[in-house]
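Paired with chain B in one complex and with chain C in the other, chain A is shared by the two complexes that follow.
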Partner chain A sequence: MELVLTALGLILAGGLVPLPMQRWSTGARATHIALLAAGCLTGMIGLFLTWNQEAISAFSCTWLQVLPLALALDSLTAVFLLPVFLLAPIVALYGYQYLDRDVSPWQTGAHQLCFSLLIAAMVLVTLADNLFAFALAWELMSLASYLLVLYDHEHEESRRAATLYLLFTQAGALMIFAAFGLLFQATGSFTFAQWGQAPHAVKLTAFFLALVGFGSKAGVMPLHIWLPHAHPAAPSHVSALMSGVMIKMGVYGLLRLYFLLDEPAPVLARTVLGLGMISGVLGVAYALGKHDIKRLLAYHSIENIGIILIGCGLGMLGIASHNPAMTAFGFAGGLLHVLNHALFKSLLFMGAGAIIQKTGCRHLDQLGGLMRRMPVTGRTFLTGSVAIAGLPPLNGFVSELLIYCAAFQGVRLQGPDALLAMAAILALALIGGLASACFTKVVGIVFLGEPRRPLSSPIAESGLSMRAAMIVLALACVLIGLWPEPFIRMALHGLRDLVAPAAGSPDPLGSLPENLALATRMFLAVFLLLAACRHLVYRNKPVTQGATWGCGFTRPTARIQYTGTSYAREVVEFHQPFVKIRTVHKPITKIFPGLTHYASTVEDRAEIGLHRLLVAPILRVADKLRWIQHGHIQLYIGYIVLTIAVLLLVV
Partner chain B sequence: MNTGIDVVLVVILLSVLLSLASSRMMALVKIMALQGAMVSIAPLLLDEHSPLSNEGILFFQLMFLIKAALIPGLLYLAVTKVAIKREVEPIVGYHASLVVGLGLILLSAYITHHLGISLTGDAALLLIAAITTLGGGLFLMMSRTKAITQVIGYLMLENGIYLVGTALTGQSHSIYLVEFGVLLDLLVGVMIMGIILHNINRTFDDVDTAYLGQLKD
Partner chain C sequence: MESVLSFGLALVLAPLFPGIILKVKALFAGKQGPPLLIKYWTLAKLLRKGSVYSTSTSFVFRLGPLVACATAIAALLFFPFAGKAPLVSFHGDVIVLFYLLGLGRFFTIAAALDTGSPFEGMGAAREAFFGTLAEAAIFAVLILFFRLNGSLILAGYFTGNQPIAIAGPQGALLILAVVALFMLLLAENSRVPVDDPATHLELTMIHEVMILDHSGPDLALIELGAFYKLFLYAALIASLLKPAGLAGPFAGTLAFYALMAVVYVAIGITESLTARLKMNMVPKYILTSFALVFFAIILTVEIA
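Up next is the complex of A and B:
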């Protein structure tokens, strides 16, 4: 615990120390990264030292003489802290060159401070053990990330996205604090540990309120609206951090509350599972329809949160139906996917950032042929794509397989839960397939083929620090894929302090991790063998190369290549009632047609619904009430006096 | 009954009425100085007042200095420097304001009774005076057009808030957290308003709040 607190201090110093040295930009950035890395390394060491300790280490102090703050480091905290400590220095390293442009030194300094604050706040959120500590850390996290999204504040679009994000995160916090308030009212205690004694009805209400709040942070489907706006607006490494790590804090909060409440009602598990399936399938369906590369990745975050929630929901079902194997598989899969998603989604956002920085363009249909021009970015992006699609032998496959195992355990349950588990299997399969389709689209269009528009200058590979960060993450993805045993055990370790181990079955996972490791390695071996065979067979034969998407034409032009729209159209149309497609098209009517055009956009149902049901009525009412705002200060004070008088005399 | 506190409370009430009826800006500032002095010594004269600690002594000295000297001094500077026309320019006339002030005393006596807090002797009277001061401050802000009278009304409001706090806690707590908060708030508020007043005066050649309406969207 002391080491983790030291790490917190170092991370904060990483934000504060560079402030006075902004004139020496290189030095300031290097100090920022060095201090962050030192802090995260210290934290990591602290985590590993306490990893096998049975006792939960705790720390408490009083703030302003009245607010008790309590921190505790238990196994679930440790599992969620790991991606924070792992990702933060890598993302900062990427940011070293990504932010290499002419901005005022103060802006860079403020950015570094917010970056450090966000990381420290995430550490505090996971450590918090009472209401005050959690509330403070949660708000700090929201505000720091809001300021980070606001980095490009001179753009109108950035400001709008940041405001939308702030609205969502604050409304979510409102729900969370309402839930906490209910629990406090029922138990009279600020410490988390006491909340298990609340009555049944209060627990359910509090859980569903908090589900809305944490869900809006995590980006669960109907509450995800801020994600596709905030991620494209933020700098890429901030998107990487927010999408990779911060939205997981919503999942953390949900799991923490679930275990605190100790409420085995199956309705909670069913809700979480259902939400997970909706976010998973619709997230990837929307992602297919998007053409902005960062927006597409943002929808994939929603999809992956869906997968994590499916895992956690299955684990909760396992608890509700006293099935230890299902509990273990579900939660282990969900928690491992938290780490995996943090790795490959950060990698993908970094790749997208490199592309946008070098080409100045984020629309899929205008990019092309980047694999040859940016080989490192291309190959690491491809690795991340394979991982996110859940294909062996990479890490996405490992965690998704665990969740599949949990679902297959669930099929043996009685009643509606078996159906739900079956639906979860179908949803996972659908998600996997659609994600593969989506990333073949991205990689195929952005990296293969030919550039679709004349390049003003030759595109070079991105900077060294950016490449290093991407390579490290890609290697981590491969490592977890080929060496899954310790990581599966690590994810399962997260449950140690929370779920009492069932008597009789010492290891709920059985020999699965070892078999899985063998399988992925064999898969890789077969793959390499086949590649070698192909090489041997084709050695002495002439091989002609045509352009990708050339479709057999001898002289294809870049304009007849697949576009993102045409590639994904069939799949997106399949989801028609849930996904709204708007096409602008002038059909060809004459024999000698004139100029025509075709454009299609996919609109988010949740966004339309929010606008129609909430925003529009509020605006209408507010418009009617405009006369109150007349600008006479004396009358404003009159309003205050009137309110006070009424309150004093009537209430 | 303690005669000292009664005298102080009467002076405070009279200062409120006087401020409502005065037509000159300078007189208003002087009244505020008197009221600040009275308000800052009022808690010392309460019966249930506990012996002062070292911090307490320091606090009351600071309090007296700020409320009775520093803030009126700043106001004095503002009035002379900005060269405001010396009339108060009321929306509600002086006599009507006086009647409203008397009504406020009645109303606050009723509210004190209505709140139903069991207060002993002095504290009940203190609460009446406090609410009257509070209401008087609000009324002053409402019924005068000049920006500087808004500041003075705000000061009176804060005096009232401070007195309410004194009446309700009876100085039974040892740390002066709330009082310090109020004081700091006040000082910063007056300074900011001084700066803003100066700027408004430069921009508009007047500090009548009616012109501020032109700033809105």
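Up next is the complex of A and C:
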């Protein structure tokens, strides 16, 4: 615990120390990264030292004499802290060359400070052990990330996205604190440990209230609207950190509350599972329809949160139905997917950032042929794509396999739970197929083929620090894929302090981790053997280059290549009416047609719904109340006096 | 040892069976047709040639055939041919198997997009869409098998004291599964009525148009991968059809491969009798197979 607190100090120093050094830009950036890396390394060592300790280490102090703050480090905290400590320095390293050099030094300094604050806040959120500590850390996290999204504050779009994010995160916090308030009222205690004694009805209400709040932070489907706006607006490494790590805090909060409440009612599990399936399938369906590369990745975050929630929901169902194997598989899969998604989603956002920085373009249909121009970015992005599509032999598959196993355990259950488990299997299969369709789209359109518009200048590979960050993450994806045993055990370890192990079952996972490792390695062996054979066959063979065969068409251009829109069109149409496609098209009517055009966009049903059901009515009412705001200062003072008088009289 | 032998036998025999399809189609057309060993000759011819690569392509294009073939071979590692224990087998291996095939599909599609050809892009888009639906239908089959047999092991489906077989107590149910699997076999292996391996019009093709630019040994790898994938699906159906009580290593193996031949003849007959579906009908076709399996699952709920 002391080491983790030292780490917190170092991380904060990483934001504060560079502030006075901003005139010397390189030095400030290097100090920022060095201190962050030192802090995260210390934190990681602290985690590993406490890993096998049975006792939960805790720390508490009083802030401002009245507010007791308590921190505790248990197994669930450790599992969620790992991606924070792992990714923060890598993301910061990427930011070293990604951030513009020509902005004012103060802006960079403020950015670094917010970055450090966000990391520290995430560490504190996972450590928090009472209401005050959690609330403070949660708000700090929201505000720091809001300021990070606002980095490009000259752009109208960025400001709008940041405001939308702030609205969502504060509305979510309102729900969470309402839930906490209910629990406090019922138990009279600020410490988390006491909340398990609340009455049944209060627990359920609090859980569903908090589900709204944590769900909007995590990006669960109907509450995800801020995500596809905030991620494209933020700098890419901030998107990487927010999407890779920060939205997981919503999942953490949900799981923490679930275990605190100790409420095995199946309705909680069913709700979480159902939300997971909706987010998973619709997230990837929308991602297929989006052609802004960062917006597409944002929708994939929603999809992956869906997968994590499917895993956790199955685990909860396992608890509710006293099935230890299902509990272990579900939670282990969900928790491992938290780490896996952190790795490959950050990698993909970094790749997207490199593309945007070098080409100045973020629309898929205008890119192409980048694999030969940016080989490192291309190869790492391909690795991340295979991983996020959940395909073996990379890490995404490991966690998905665990979740599948949990779902198949669930098929044995009785009644509606068996149906839900079957639906979860089908949803996972559909998500897997759609995700690989979506990432063949991204890789195929952006990196393969030919550039879809003439390049003004030759495109170079991105800078060294950016490449290094991407390579490290790609290697991590491969490592977990080929050597999954310790990571699966680590994810399962997250449950140690929360779920009492069932008597008589020494290892709920069985020998699955070892067997999975064997299978992936055998596939690799087959692949390498075949590659060697291919190499042998191609010795002394004439290999020539030529143009792509145009199927008899002799004058092909780069513009006739398939675009992302046309590639995804049929799949997206399949998901109607849940996905709204709007096309603007002037049909050809005459024999000699004039100029025509075609544009299609995919609109988010949730966004339309929110606008129609919430924003529009509020605006209408607010419009009617406009007369209250007239600009006369004396009347404003009158309002205040009146309010105080009424309050004094009534309360 | 027996497992290695049966795996080796499967690897060697897989290119023989597509010859049967061609023979059956030729019979229906009143022709003599190519020799049964035609596919071996094709492979040998391709392996002797060199390759032409498009200037648009990158290493992904060369990786595509390799991954497609390697995943198909790796998938066969899990299969209990003729009831023999497979080389690798564990709880959850069916999921690994179908995800490996998904990996093969990912790289085939990526290789197709790498050429920059609009036709290949068209084929890739169709493959991605239809493949997704077929994958969901296959997982429905896995749910059905799990409900029948409680196993998540491919070898466990067909061995043990409660094998899934059409001759077993749940045979009536399995007729639905066999029909659905046969439909999926046709869809996943680009056969009529979903795709036509013999067509010459690029606009109407799926799998064949994706591999237009591959040549020489790379094309041989793709062909070989396709043979293995088809072999896997056919073996799945043959194992379901296999009557119980055929003891003896030779009788069992012989019966299995005879049933395999029957499945391939059925493919040939289907290809001779049906026309290709319109592209917009293909999703409905795949969802029909899904509906069949789902109906079978509902029936298992009633039994339980």
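Rule of thumb we're sticking to: the second predicted complex is superposed on the first by the 622 of 651 C-alpha atoms of A that agree within 3 Å, B and C clash if a C-alpha of one lies under 4 Å from a C-alpha of the other, contacts with A are read in each partner's own complex, and residues count from 1 in each chain.
Here is the rule we use: contacts are C-beta pairs under 8 Å (C-beta built on N, C-alpha and C of every residue); 3 or more make two chains touch, one makes a residue touch a chain.
Everything numeric in this text was worked out from a predicted model, so none of it was measured.
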Exercise for review: Tell me which partner A:648 touches in the superposition: chain B (first), chain C (second), both or neither.
Suggested key: first
Check your understanding: Where does A:134 make contact in the superposed view: on chain B (first), on chain C (second), on both, or on neither?
Key -> neither
Review point. Just chain B (first), just chain C (second), both, or neither: which does A:571 touch?
Key: second
Study note, to complete from the structure: Across chain A, the partner (chain B or chain C) reaching more residues is C
Practice item. Answer with first, second, both or neither: which of chain B and chain C does A:195 touch in the superposed model? Key: neither
Point to revise | Touching partner for A:527 - first (chain B), second (chain C), both, neither | key: second
Review point. Which partner does A:286 reach: the first (chain B), the second (chain C), both, or neither?
Key: neither
Point to revise | Which of chain B and chain C A:207 touches, first, second, both or neither | key: neither
Review point. Where on chain A do the contacts from chain B and from chain C line up?
Key: none
Check your understanding: Residues of chain B touching chain A in their complex?
Key -> 91, 111, 114-115, 135, 138-139, 141-143, 145, 150, 209-210, 212-213, 215-216
Point to revise | chain C residues touching chain A - in the complex, by the definition given at the top | key: 47, 49-61, 66-67, 69-71, 73-74, 77, 88, 90-93, 95-96, 99-100, 102-103, 105-106, 109-110, 112-122, 124-126, 128-129, 131-133, 135-136, 138-140, 142-143, 146-147, 150, 152, 202, 212-213, 216-218, 221, 283, 297, 301
Point to revise | Parts of chain A lying in touch with chain B, wherever the complex brings them together | key: 631-635, 637-638, 640-641, 644, 648-649
Practice item. Over in the complex, which chain A residues touch chain C? Could you list them? Key: 368-369, 371-372, 378, 382, 386, 389-392, 397, 400-401, 404-405, 408, 411-412, 418, 422, 425-426, 428-430, 432-434, 436-437, 439-441, 443-445, 447-450, 510-512, 515-516, 518-519, 522-523, 526-527, 530-531, 534, 537-538, 541-551, 556, 558, 560-562, 566-571, 574
